[in-house]
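Each remark here refers to the structure printed beneath this line.
Letters A, B, C and D mark the chains in the order given here, with residues in each chain numbered from 1 onward.
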Amino acid sequence: MIKVGIIGATAYTSLELIKILLRHSEADIVYLGTRREGSNKISDIFPILTNTFDMSCSRLTQKDIPKDMDMVFVTLPPAISMQYVPGFLDVGVKVVDLSADYRFQERSTYEKWYEVKHTDPSGLDVAIYGLPEIFRENIKKTILVANPGCYPTSAIIGLAPLVLKDYVYTDDIIIDAKSGISGRGREHKEETHYCECNENVEAYNVGEHRHTPEIENIISLIGKSEASVCFTPHLVPMNRGILCSIYVKMKKRISDEEIIAIFNGFYSKEPFVRIKTDRKLPKTKDVVDTNFCEIAIRVVDGRVIILSSIDNLIKGASGQAVQNMNIMCGFKETLGLSS
Amino acid sequence: MIKVGIIGATAYTSLELIKILLRHSEADIVYLGTRREGSNKISDIFPILTNTFDMSCSRLTQKDIPKDMDMVFVTLPPAISMQYVPGFLDVGVKVVDLSADYRFQERSTYEKWYEVKHTDPSGLDVAIYGLPEIFRENIKKTILVANPGCYPTSAIIGLAPLVLKDYVYTDDIIIDAKSGISGRGREHKEETHYCECNENVEAYNVGEHRHTPEIENIISLIGKSEASVCFTPHLVPMNRGILCSIYVKMKKRISDEEIIAIFNGFYSKEPFVRIKTDRKLPKTKDVVDTNFCEIAIRVVDGRVIILSSIDNLIKGASGQAVQNMNIMCGFKETLGLSS
Amino acid sequence: MIKVGIIGATAYTSLELIKILLRHSEADIVYLGTRREGSNKISDIFPILTNTFDMSCSRLTQKDIPKDMDMVFVTLPPAISMQYVPGFLDVGVKVVDLSADYRFQERSTYEKWYEVKHTDPSGLDVAIYGLPEIFRENIKKTILVANPGCYPTSAIIGLAPLVLKDYVYTDDIIIDAKSGISGRGREHKEETHYCECNENVEAYNVGEHRHTPEIENIISLIGKSEASVCFTPHLVPMNRGILCSIYVKMKKRISDEEIIAIFNGFYSKEPFVRIKTDRKLPKTKDVVDTNFCEIAIRVVDGRVIILSSIDNLIKGASGQAVQNMNIMCGFKETLGLSS
Amino acid sequence: MIKVGIIGATAYTSLELIKILLRHSEADIVYLGTRREGSNKISDIFPILTNTFDMSCSRLTQKDIPKDMDMVFVTLPPAISMQYVPGFLDVGVKVVDLSADYRFQERSTYEKWYEVKHTDPSGLDVAIYGLPEIFRENIKKTILVANPGCYPTSAIIGLAPLVLKDYVYTDDIIIDAKSGISGRGREHKEETHYCECNENVEAYNVGEHRHTPEIENIISLIGKSEASVCFTPHLVPMNRGILCSIYVKMKKRISDEEIIAIFNGFYSKEPFVRIKTDRKLPKTKDVVDTNFCEIAIRVVDGRVIILSSIDNLIKGASGQAVQNMNIMCGFKETLGLSS
């Protein structure tokens, strides 16, 4: 049984972390830290936890964090996260960071897109991008995992088999993504008002969403050549779920059946990837509340259309974070994550 | 053609006012006032109006409002509204006030429930409660209409025929109301965050909602005896619409058919009240975007159940406000309001 | 480890049963029966189960059901269920029946409200109404549990403490219930079309819903006098969740604090009942996906308002069914049910 | 005042037609035909029309349709529509057909995609594709308009300026479309069950939606070369609205400003096209209930992203149908269509 802390306990992703860890047979939550003033029990913040998990939150200050834990999940916003992470690493606490602060090998890419100076470059050097389907071996050995963004998780799992096998042009990738509103976070602002979101679909951050370089980086790495991604996220009126519709051009002619076989082969041992067969298509409601990524692939006129869906809060955040913890700690990878 | 202004132009109710007035053959919007800084065109605030109505908003200050209008709709919050209304009345501009500031004949009731001193008692003396179905003759003659609250509109229209004819006990009325989220206003706060409202039903302000005394006052007036109302509002995940489920006890035995006949008789000349027959029940979606109040009545074991539905933003606010304007100005009552 | 079957595997409640039983450490699903033709794997019917639980469904005929199980959950419609239940009881398989077929001690009440002759009166004699908070001791000893209806579960748990202690008049109970659309079942008809349900609230079956006599029966039993309930269900646009707003009159004057103390006392040992304190109110989203019933109580002008919320598919159906199984089999009552 | 009939009165699009025509100062609905048995008043089918428009529907048979009208709107399904249209044309009644039956100049394309023999080839010869922004002059002179599909309307208006001016490659167009559920029609089937649609996003008919050839045909015509379109429609949980996200490659380098200037020029005189400026993006809620098509254009890395939104039931069906009627009859084009 390891001792686990959550740093930034009031985020939507933290509620999911708690729910998963309560089912986890090898991890015990021992600390909940929050920057909010005046909060006390976590079940006051998330009443669904009442009588199930009523632990008190601690006021988070950089100076005074208990370090007697084995592992922490950091769910703080970007730029804040890197102020806390080094302190844990220094005393031997492993970290899964859910912010973007450690996702980029190139510090300059981070600084350009997040418009802030990176204050922990040595952390960048040790951090591993926590997509188990691609980087499992490295995750096993690291003390710091940069948990991937929600859109990149969905997009990269959808693209990896074809990119790795060089079946598609990586300089001409279009990703049209649809996300539930929880992807916008818990902050209340005009964009998250019920009447602004409900009965509405819209694109946002067209051509400038910060997940663009994250996807490009990893696809470049996998494909061993500079990738160029046109990424357009949309908000749809539902709480959670992401569907990425990915359009790529093929280098080689190939049939629907062959391409599905490639995916089935590539992911045959993966516990959380499902490939649709029989011409069925993924629905986000079939992955919500699970750690699965569900994928369908179609060849249409020499183009491949990949439909990849996840729960943005589970496989796109907290579920994957626990999957990473399981790998880092040598646990069975599905612990806490299979319903 | 009369000249009309909207004082508080950025409220959800103001958008509805504008949409209705644009269809109105006898009224011209000439002024839009807002307390917001930095706003300019109304179509920047409500993009749905782009190319249809792009009038500029004026910054609202108490000192400096143009008075060369025939009529203003005031959509400011309670306590603010009464700071502006007297200025218009003084120079002969008629007012329909959509706040609660002029809805109570008893100043003390207002001050108790709204926790603020009333600064315009002389306005209170001239104001008429703007429910045309009950007070049409008085509305015709007044210069100041206090436009009813959304819940009271639905509840009082549902109760009036039985109360007036003394068929029910008015000291034992239960009103269980369900409202769409726009009833909470346009402000963004935790309660109006999409993920807090969506996939959720909840009661709020149980036993202490400010519409309770408003309903009690008018029912007391109609029934000529002190009414006591147990009013419980609920939020349901939709943009607009109100359904009041009203439970009253009968003084006299009566059948479903007789009671429907009473309602049909009472409202036979009303352009905006529909009584359901053939055991059908109202759906809020059938009144949304209309000025109708739709009512079904059932007798069950000596109790009457009244189901009364309106669009909270139309019959519950802006539609009724224009209906009042039509009456005050001698126009056909349905102008701008029939689809 | 006991062997469990689900008879009627394609209902929404069966999906929830499966999800719960997969987490259950003492029960193994060994049989899935369905009356649907041509279906095969349960994960084809509920794709969310793919790779998690891909068991094949068996075509259900009355003649030919495997009986080598310890327990079955019957999720067939009323009138159909009682055709299958006796066969299991005969060979010693315990039954939790989720239909209404065994909920009434008085056969005549069932036959009046369900308009069908009861074909298994001897089953009626042994069946126990499966509300653990009230009938736990009887459930322990029975072989046939009639799992309560969703509305009755929420309503009775909300009423029981005050009824048992004779604090309220049971001949004057008003229950205004709000339910998500899954309460209407999986059948597709005009009433469940997305565009008919979405952005709409409506009452249905006013004065004639079949859960009325079910609630009256149990409240009469608890209160030891004939109860009369005015029950009005409403549909709200969300997938799941029930909120009952219950209005009762008090026999004795009592404060909010005292009444909350009564509830806290009555349910102090219950693992799945939560009483709200600090004037907080229940939200259905805080019980969805849990087996909790969450209750707030308010005294307003000599009347008690009880707000009681559950997940209609969990505490209102499948969660409670597993809770009953746990009790019948001597397992820890919360097995499979605490997140 | 012209006399107008609706052939297929119970479709969702017919309700919208009725609402628009009731506001229309030059058209009078004189006939409502339906193939449904036993229906009578249109307000029984659409209760929102009660007291506003209670006309009786007539049972539709091919033999016996009144022909003393000036114009009919045919809202029957494809393959059925062409059985009724010739009868009207023969006696001089103008037709706007909302089905796909007359949208294809090439009969073979229709027969391939709709899998039915075309029974009215002479109708095909006279029909004009009713997209006023492109074919206004032809619409003026025709007696038969093929009203465009909802997705093609949104897509073609978004593409036309760049295609006509030869700025983009038309053999490499990707259209990722999102639609509300009303786009699936009024029929109740598993796919339109509330609980299947709500809290879900999914793609459907990938690579095989019938609007693909419709878009390709018109773009080929405008661009004067064979177009190839990859069209992927998605369902999102809302009643109405379409957003097309269109990805095209540029033949010439051009800036955001220049491209917006091209759109503004092209559509400068169009009453129902709005081009977003100031880097704002369209929201479907801002065009719902209007006849507007709202468009934003962005240049990202040599690619153009066009976001085009309409109300699928108004500009994508009934609003455009009335716009076509206005053009065919020489009325002001915006009659009945400006709020």
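For the reader, a short list of remarks on this structure follows.
Heads up, the rule we're going with is that contacts are C-beta pairs under 8 Å (C-beta built on N, C-alpha and C of every residue); 3 or more make two chains touch, one makes a residue touch a chain.
On a predicted model such as this, the values are computed, not experimentally measured, just so you know.
Counted by C-beta pairs in contact, the busier of A-D and B-D is A-D. With chains reduced to the mean position of their C-alpha atoms, the one farthest from chain A is B.
Rounded to whole angstrom, the centroid-to-centroid distance between chain A and chain D, based on C-alpha atoms, equals 39 Å. Chain A and chain B, compared by their mean Cα positions, are separated by 46 Å. Taking the mean of the C-alpha atoms as each chain's centre, chain B and chain D sit 37 Å apart.
Those residues of chain A in touch with two or more other chains are numbered 196, 198-199, 237-239, 283, 285. Those residues of chain B lying in contact with chain A across their complex are 12, 181-182, 186, 188-190, 192-199, 237-239. Per the touch definition, chain B reaches chain D in the complex via residues 19, 22-23, 47-48, 50-52, 199, 274, 280, 283, 285-287, 289-290, 292, 294, 338-339. On the side of chain C, the complex with chain B involves touching residues 174, 176, 178, 180, 196, 198-204, 206-207, 228, 230, 232, 234, 236-241, 243, 245, 247, 281-285, 288, 296, 298, 300-301, 303, 305, 307, 309.
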